[in-house]
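All remarks here apply to the structure that follows.
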Amino acid sequence: MPRMKHVLATAAVLAAGGAAMAATTSSAQAPVARSAAAKNITVVLGVTGFQYYVALGCGAQAEGKTLGANVKVEGPSAFSATAQIPVVNSVTASHPDAAIVAPDDVKALISPLQQMIAGGIKLVEVDTATTPALGVTQVTSNNAQAGALGATTLAKIMHDKGTILIVSTAAGVSTEDLRIKQFLAVLKRYPKMHVISTQYDNANPEMSVSEVSGVISAHPTLGAIYTTNLLSTEGVETALKQTHDAGKIKFVGSDGAAAQLADLKANVMQGIILQMPFKEGQLAVQAAYDSLTGKTVPPPTQVGVVALTKSNLATNSKFIYQSHC
Amino acid sequence: MAPEPRLEARGLVKRYGHVVALDGADFSVYENEIVALVGDNGAGKSTLVKCLSGAVSPDGGQILLNGTAVHFSSPSDARTAGIETVYQDLALAPELTPAANVFLGRETLRSGFLGKLGVLDGRAMSAQAADFMAGLGIELQHADQSVASLSGGQRQAVAVARAVAWASEVVFMDEPTAALGVAQRERVLDVARKVRDAGRSVVIISHNMPEVRAVADRVEVFRLGRRVARFQPEEATLEALVGAMTGAFAGEPNDRTG
Amino acid sequence: MTVPGDDAQLPPPPSVPATHEPDRSRADRVLVAVKRSRLARFNAGIGVSAILISLIAAFSIARPHEFATGFNARTLTADASSLMVLATGLTFVVVSAGIDLSIGSVLVFASVISAKVMVALGGASAGWSAIVLGLLAAVAAGMGWGLLNGFLITKAKIPPLIVTLGTLGAALGLAQVVSSGQDVQVVPAHLQSTIGIGAAFGEIPWLFVIAAVLAIVFGLILRYTRFGRYTYACGSSPEAARRAGVNVDRHLMKVYVIQAGLAGVAGWMSLAQFAGTTIAGHSSDNLNAIAAVVIGGCSLFGGVGTVAGSMVGVFIPAVLADGFLIVGLQAFWVEVAVGAVLILAVYLDLLRRRSANSA
């Protein structure tokens, strides 16, 4: 029967392929005692291809090389719990010794991460922690400090006075809300500076372009713009160039890669608030390795932020996020 | 004694704006006969069929079925009355099987509780459709394949079978052989004969004069929205037919059925 | 002569002997018919089922302790459940020659409404009656969008692609209005612990049980009932269906309402799975569902497809992603592989159509 032949042929071909895959790729070790063998650590990024997370992954892999551990980097193709959870579950199924996860949703990832821990895998949460926090420790960015530093940097650039537009992703993204909250708290120290509008662009740079142009038209005396994330920064850069307001309207953005460094040098941006994802990745792998080798695991750590401006390019431009390791 | 027509149109009028498609048209189909309806383009053949099959409402005139005046407000009315049409474009669902097409809109449901849920009795429908088509001389190798994979002639046969299966009175066929090859044409005409022999009347609209003469028991000619001639087969020479269609033939011939 | 009625039977065949075809042409016809039917069946369920089974076999052989485990099976099936429900509904729509881009947004809207209802009825400590009401609210919210889609498509005669492109934005926007842009993160504890992470007999995730039951029920409806046949007919040739007396507009309306109602169920299921709404997380649900039904054998031109095939189409990308990660191949290749399977499925459908139309 032609159908049966086809089924058997396909099955045979793919089964052979499976055997070949088993032979050529490095197999995860069977779940028995393996004290002397190299440790396997898998990193699950928030989303692949995003420079902040690329840097995080690079830091993790660099630390892995130093310690002699096998560090694999995985991640979902979209920044959402629905995309990340299957990846987390697959990692759990593949039994690494430890896992480092940057959760996309502080509530939805709790159950899958608890399953990961129940499977005997040491977990280190990185970038943000779930609520409540899980795992042996957490290495997170200090979003409050990022917001505060954004405010003080902007105040210096604006000479303590002027109107501000904030551009963020969406109300409800906890990391960005925290930055805005601290930004506003610190801004109170500068009575002559105030925020005239907060726009949300839903992680769509084109949307921030149109929103920003709209606000600029409505408020020709706008003094400065502050963004809480890299995608919004990209949108604002484009908007300022289109309306020829670059340099006239001051701009401090959160997170930056090579393009933002170029714009800083070209005076389109006057300040970039940088987290240290490379260092976060390193610290996370170190903590995971410690937990696997019986050493005391460091307590939850908040990694600081730096402000990059034209005046400190020499010392701080190395903190710009890389696009590849 | 004049036998009553099975289906008769008397003085039908249909206007589309200023265009008069039917101008007091008469038409008759008797029991167990094949009537060919011929005429040039624009003569009103399609409009007449649409009126008689319920697709269109005439503006004036009468339609009688077995002597009783009827009024069709939709094709469903005509179908309920036992009149079916095989359209020129066949109107088959290509991805469905022949049996599914034959029973479309009139599916047999399983008995009892399942039937109330709308569960189909696929086996019964397949068997009945196969039997019926075999009776009409239509043989399909794989009755469970889609109509789209059949040849043009076989598709035609399925469309005809669908109409014939449900028609208790009259089957209209609009240009049934227009898109077919020579061998397939003969098969369709054979089916028409079988349909007549099984007790339904058949009306064939055709441009194909040799075919008309080969299969029809009578010919009615339309021109400019009315019937202009009626022929018995032996009278229906090519010149006579064309002459009536184009008006070269002056006056109406005697009504032979009288 | 019988008059056709509801339970009409075909009249007995005329007792006239059938004419016999000359053997030569019959043999040719048989050959051609057999070839065409072989091709016609190829791209349907059997082909993709074989691919899925072979993939599972290959990954199981490559990584028996990681891939072929109960844990992996449970998480794979639970994670795929939402897409299974969406693809079940979308099968009906695509078989009817329609399309629905708004399913992810309708899911989100329904989940927001459902969450708000359950919060109002007790929140985290709400009982099962509140949970059931939440489910009904989700289904009703979904069906509302289905009615709108159906109305605009059948009465206003706007193409489904355009209509659902509009409701894609409108439903998501309205969901954000209702929720003020914030995810609702309070769901009844019972909902999450039982449906969300619980398993029947301790082994089969309840999410998967719900999705499988819906797939089986609606699959049977599509294949064996009059409603299902009318769906195929409307997709294959609306004109033929209309002339046969089927109320095509009303039927299509029902199809879109069913589809959106199922999206509502998926929204309620996602509340259980994620312990809250995930407003930003469903923007590619529509394309994933379309890919699933197409891989599973649905033709985007209508008239062809099965729910069973669509379920296979759901699992092929999921198994590929899971297997690739476990084996250690780069995840980006999964997208390439899924794209290739998708194109192959559409190409086979086109071949089938061309061979049919050349008759």
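Letters A, B and C mark the chains as written, and numbering starts fresh at 1 in each.
Keep in mind that, in the parts below, contacts are C-beta pairs under 8 Å (C-beta built on N, C-alpha and C of every residue); 3 or more make two chains touch, one makes a residue touch a chain.
Everything quoted here is computed from the prediction, not taken from an experiment.
Chemist: What graph shape do the protein chains here make by touch: line, ring, star, complete or other?
Modeler: line
Chemist: Determine, using the mean of C-alpha atoms as each chain's centre, which chain is farthest from chain A.
Modeler: B
Chemist: Averaging only over C-alpha atoms, locate the centres of chain B and chain C and give their separation in whole Å.
Modeler: The computed centroid separation for chain B versus chain C comes out at 41 Å.
Chemist: Between chain A and chain C, what's the gap in Å when you average each chain's C-alpha atoms?
Modeler: 34
Chemist: Please tell me the distance, in whole Å, between the geometric centres of chain A and chain B computed from their C-alpha atoms.
Modeler: 72
Chemist: In the complex, go through chain C and note every residue touching chain B.
Modeler: Residues 1-4, 7-11, 13-16, 18-19, 21, 25, 29-30, 32-34, 36-37, 40, 224-227, 229, 232-233, 235-237, 239-241, 243-246, 299, 302-304, 353, 355-357, 359.
Chemist: Under the definition above, what is the set of chain B residues touching chain C in their complex?
Modeler: 75-76, 79-80, 82, 87, 89, 91-96, 100-102, 104-109, 117-120, 122, 128-129, 131-132, 134-137, 139-142, 145-146, 148-152, 155, 165-166, 168-169, 183, 190, 194-195, 197-199
Chemist: Quick check: in the complex, which residue numbers of chain C touch chain A?
Modeler: On the chain C side, the touching residues are 38, 41, 46-47, 50-51, 53-55, 57-63, 65-67, 69, 71-72, 75-76, 79, 82, 180-183, 185, 192, 196-197, 270, 273-276, 278-285, 318, 321-322, 325-329, 331, 335.
Chemist: With touch defined as at the start, can you tell me which chain A residues reach chain C in the complex?
Modeler: Touching chain C: residues 2-3, 6-7, 10-11, 13-15, 17-19, 21-22, 25-28, 30-31, 48, 72, 74-75, 77-83, 85-87, 89-95, 105, 107-108, 110-112, 115, 119, 170-172, 200, 202-203 of chain A.
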